[in-house]
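Dumping the structure here so I can ask a few things about it.
Going by the order they are written in, the chains are A, B, C and D; count residues from 1 in each one.
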């Protein structure tokens, strides 16, 4: 059913955000972190696609004197597609600068 | 819409699980941890009810020699109700012993 | 021994930071979150004192349109005292604005 | 100083454990997760070496019906070496079956 697909997409985005937020990140390990985050999402039930991008500009702005920082909500873009009984739900996580909030959006078909 | 309510319920359960799993827990602080977890969920958009229970029997089984352990998926029960445009979606997180999995279920009306 | 006390103090601060960073926080639940965080630290071996403060001004600055935000390193002050074989080690976690970094400091006696 | 090296080693192990515990893991992504975890530790101040191993046997035992599980303390081995002013401190995180506890040990020279 449609609602189950939507529910499952929501679970994946909530999980991704709260599992990895705070992880030490720099330009050096951003890519391996992106791949690891995607690999974690891909294991979860019903997921057919996962894409994670860490915004390198936001990362640069946040770097500490030690050249890394904690992974923050303002840096994460994620797109997760789940499929349940033929319904595909796509969840997108993206920082909304106006709302100062990691907004999660759903599209379904 | 119904799907948005389902999506939002999913986000909350995924977030709750992955934010707090691993937290040090014992019989002494289980209650304050439950209340803190509920308080975090209640802040999130569209949430109208949140209830978290840490299974004291499972907790007892998992206690280390130091009388506490890491909060594990097998101990957490959570029930979150969100409301979007008049649709109420209830998400329930509960350990499924047969599947060895923290199953999340949805009901909606 | 002195080094063990220092090691144990370090463990507690690293654990506290990375367990709770990202948790939903507002002026409403900041206090219960502080108490829950302290309760988690107090369970760990050798801890004799734990104090956590969430900076309400920094919190105000970071609030999203939804009146809460993710707990960030710039908001957390923590002081943990451990005792091992008569040596007391105090670890302090405090945001360093110049370094843009959650600095952790040790004092021991 | 010796104590600072010990303190820094402790921070790294506490951070590693509490950041990644709960992450979805299977035989498929265990290796990328190990590398990502190491990459995070390597960014932190004073670290000269980091090694993370996820115990594949313990992982197999814990797999859910969906062929993955949450990363648990009983699966993680980590070894972190920090150097401060010529002092090298090695912190080791390893599950202690008797104590049912993810024990952290220090050696220093």
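Note that contacts are C-beta pairs under 8 Å (C-beta built on N, C-alpha and C of every residue); 3 or more make two chains touch, one makes a residue touch a chain.
Just so it is clear, the model here is predicted, and its values are computed rather than measured.
A count of C-beta contacts for the chain pairs B-D and A-D puts A-D on top.
Homomeric contact chain C/chain D is classed as same-residue, with over half of its interface positions used by both copies. Averaged Cα coordinates give chain A a centre that lies 24 Å from the centre of chain D.
For this pair, chain C with chain D, the centres built from the Cα atoms lie 20 Å apart.
Rounded to whole angstrom units, the spacing between the C-alpha centres of chain B and chain D is 26. Shared contact sites, meaning residues of chain C that touch two or more other chains, fall at 15, 17-19, 22, 66.
Contact residues of chain A toward chain B in the complex are 2-19, 89, 91, 104, 106, 108.
The touching residues of chain D, when paired with chain A in their complex, are 15, 19-20, 22-26, 28-29, 32-33, 35-36, 39-45, 66-68. The residues of chain A lying in touch with chain C in their complex are 17-18, 21-22, 62-66, 69-70, 72-73, 98-102.
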